[in-house]
Amino acid sequence: MTPPIEYEDATAEVRAIYDDIRATRGTDYINNVWKCFAHNPKLLRRTWESVKEVMGPGTLDPVVKEMIYLAVSISNNCGYCIASHSAGAQKAGMTDEMFGEVMDIVGMANENNKLVAGYRVPIDDVYLKVRGAD
Amino acid sequence: MTPPIEYEDATAEVRAIYDDIRATRGTDYINNVWKCFAHNPKLLRRTWESVKEVMGPGTLDPVVKEMIYLAVSISNNCGYCIASHSAGAQKAGMTDEMFGEVMDIVGMANENNKLVAGYRVPIDDVYLKVRGAD
Amino acid sequence: MTPPIEYEDATAEVRAIYDDIRATRGTDYINNVWKCFAHNPKLLRRTWESVKEVMGPGTLDPVVKEMIYLAVSISNNCGYCIASHSAGAQKAGMTDEMFGEVMDIVGMANENNKLVAGYRVPIDDVYLKVRGAD
Amino acid sequence: MTPPIEYEDATAEVRAIYDDIRATRGTDYINNVWKCFAHNPKLLRRTWESVKEVMGPGTLDPVVKEMIYLAVSISNNCGYCIASHSAGAQKAGMTDEMFGEVMDIVGMANENNKLVAGYRVPIDDVYLKVRGAD
Amino acid sequence: MTPPIEYEDATAEVRAIYDDIRATRGTDYINNVWKCFAHNPKLLRRTWESVKEVMGPGTLDPVVKEMIYLAVSISNNCGYCIASHSAGAQKAGMTDEMFGEVMDIVGMANENNKLVAGYRVPIDDVYLKVRGAD
Amino acid sequence: MTPPIEYEDATAEVRAIYDDIRATRGTDYINNVWKCFAHNPKLLRRTWESVKEVMGPGTLDPVVKEMIYLAVSISNNCGYCIASHSAGAQKAGMTDEMFGEVMDIVGMANENNKLVAGYRVPIDDVYLKVRGAD
């Protein structure tokens, strides 16, 4: 395990980021992921800046963003991320029923992703014309 | 590649499912995944029944469901599923901007899922009390 | 962790599925996976119906089915599934020697799957003619 | 793509392995994976020796070994391996019906592996006593 | 496929990043990954800034950085990344022999990662005292 | 969990391999992975012979080999392997700063591997001419 670096043991550079996390989230609590990344201040800064930009206000609703993050973390079997983003999604408004539907989809997508691989399904011509990015 | 089974070559059992796919989706077009699964009629039926139940009306908006499905398929690197569910999500209302945000999250979650593994981040006590299912 | 729902706390809908699990398996013991899925009764029902159909009598021997399930679970690094299906496979007749051979194959397949990716091996023409499904 | 090294262009060290592959398999055909690994003769030798030991005679039936290999390759989404081991399994006696059951299991295991992760199912005490290896 | 956005069709914001890529790399050639990310200018900028910081001068030799990137991409079976970082690593000095050793390790690590999962190997006490980050 | 087989309980065949591990590594300590693989002596021997060949002297520096092994293990989320190869890499000379850079790359590669999949980036013609193996 990486020992989390507490605020009082942190460098000024790390404290400034901890302060920003607290201010942005409106809570004094800083979870362990940041306290572990603090062993690598550049990575801490880069990751936190990305999280602020990506999970901050945008077109998608915050709870939708959290559910997508959670769905990916479940597919990747990341225990910490499943725990923290289950909490995050609930805080953002995910009800038990919504979580149940996320799980329905995650389970089915994982099944079908592999069935498609095993059956080597040829891509339909109509999908080749669909652009992914615009 | 598995050769897709066309309607005219399908058994009565398979045709009935093709008919239901067409009726449910309001289009005559049946994409290759079903035509390949048709080599295994029980799997075709089971999978289609699940898709109808899971992707049908519920608490989450259809476009949210499609985006979660797409996010998982991208994490699993399933070329066919990325193509078909990019199309499905767009049809359900995903704009370019929304897709961009899905990608932002998928990318970041995949990065952080692995950073957490590498740093062996201990789970915060507060997350242990969060239930995943209710 | 999701708190397992015990029989006495379950709804009638869930109890009926628990009863079917017990009857089908010939044991009163219900393992935690079902008791956790019970938070989402539709998923519980759908998953149980699939398990009954897929793992029930068919062409492949039950122990072969369990070993394939176990091999996939090991490749996916699912701790719970490895534990439960190691038990399941043993119960179905997997000896230590058979488990050893499963591990031999799982290890080697995982190695070769990645070697092939890294060397970008072109698919032999003879394999393109092989159908996957029939 | 890595250019396959043909027999006539191979070193004596590589030719000796090609000869052994041909003799062991009873066919002159050498598939591309070996011809690509031939760029790294030590890896070619090590991998071929492992394949001979692991996929050779043992407790499990050859077709069972091939189906387990195939199931892992599908879960890992390795296009080349899916193609070559679909062919290998068919040659070893896998019928369409058997392949269908392999797919049933691969799909379901992949679904359940992720459902278990998302629901964070606690491992049953009874499974902790099961040894994986003996 | 996402259509790459060429320089002449790009916005001023995207052109500025293209210019920086060209200047940093000392070549006019911009590979498709950037031209596709350009559909999402924030992601393009964020990703490029990260690449500059992470792959730029540091403690590890550039060829070591490229080989690590390549090893991860092979494990993730990312065709594009394997192709582009094989080229990148070669440009940074990776010889055929070095690539061969990267493949040796990638193959073996993938095998052993799964063997450890299947055998459910208990972590040695001595490893629990090793910190991952400092 | 698989119970590790201690030296005094091992067969002569296994003891000989334990002896070789001790002699090769210059330490009496044998970590659990070998003691668990010992339930399958052929696999123990095959895996140990591969490790000796792959991780032994070669073109790449031992610490580079360990960091590549670690990077793959992190991407595969193998807890045991992350712990043991963090220790191994540190013993081979990986400093905190070097570990930080490994993590930077592992995180970024995992992000970009998935962004490329989601954007379905077409492979540049220039990469098709790059050979992977020589």
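For clarity, chains are labelled A, B, C, D, E and F in written order, and residue numbers in each chain start from 1.
We take it that a residue touches a chain if its C-beta (ideal position, glycine included) is under 8 Å from a C-beta of that chain, and two chains touch if they have at least 3 such contacts.
Keep in mind that what you see is a predicted model, and the values were worked out from it rather than measured.
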item	value
Contacts common to subunit B and subunit C (chain labels)	A, D, E, F
Reaching subunit F from subunit B through chains that touch each other, fewest steps	1
Relative to subunit B, chain with the most remote C-alpha centre	F
Furthest chain, CA centroid comparison against subunit A	D
Chain pair, A-B or C-F, that carries the greater number of C-beta contacts	A-B
Chain pair among B-F, A-F or D-F whose interface repeats that of B-C, sharing over half of the contact pairs by residue number	D-F
Geometric centre distance via CA averages, subunit F-subunit E, whole Å	19
Length of the line joining the C-alpha centres of subunit A and subunit C, rounded to whole Å	28
Geometric centre distance via CA averages, subunit E-subunit C, whole Å	34
Interface hub residues of subunit D, defined as touching at least two other chains	1-2, 36, 39-40, 42-43, 47, 50, 53, 75-79, 82-83, 96, 100, 102-104, 106-108, 110-115, 117-120, 128, 132-134
Chain contact graph, described as a line, ring, star, complete graph or other shape	complete
Parts of subunit F lying in touch with subunit E, wherever the complex brings them together	1-2, 4, 29, 31-33, 36-37, 39, 43, 47, 50-51, 53-55, 58-60, 64-65, 67-69, 71-73, 75-76, 78-84, 86-87, 90, 95-106, 108-117, 119-124, 126-128, 130, 132-134
Subunit D contact footprint on subunit B (complex, rising order)	39-40, 42-43, 47, 76-78, 132-133
Subunit C partner contacts - residues on subunit E that touch it in the complex	70, 74-75, 77, 79, 82-83, 102-103, 106-108, 110-115, 117-120
Subunit B-touching residues of subunit C, taken from the complex the two chains share	1-3, 36, 39-40, 42, 46, 50, 53, 128, 131-134
For the subunit B and subunit E complex, residues of the former touching the latter	77, 96, 100, 103-104, 107, 118-120
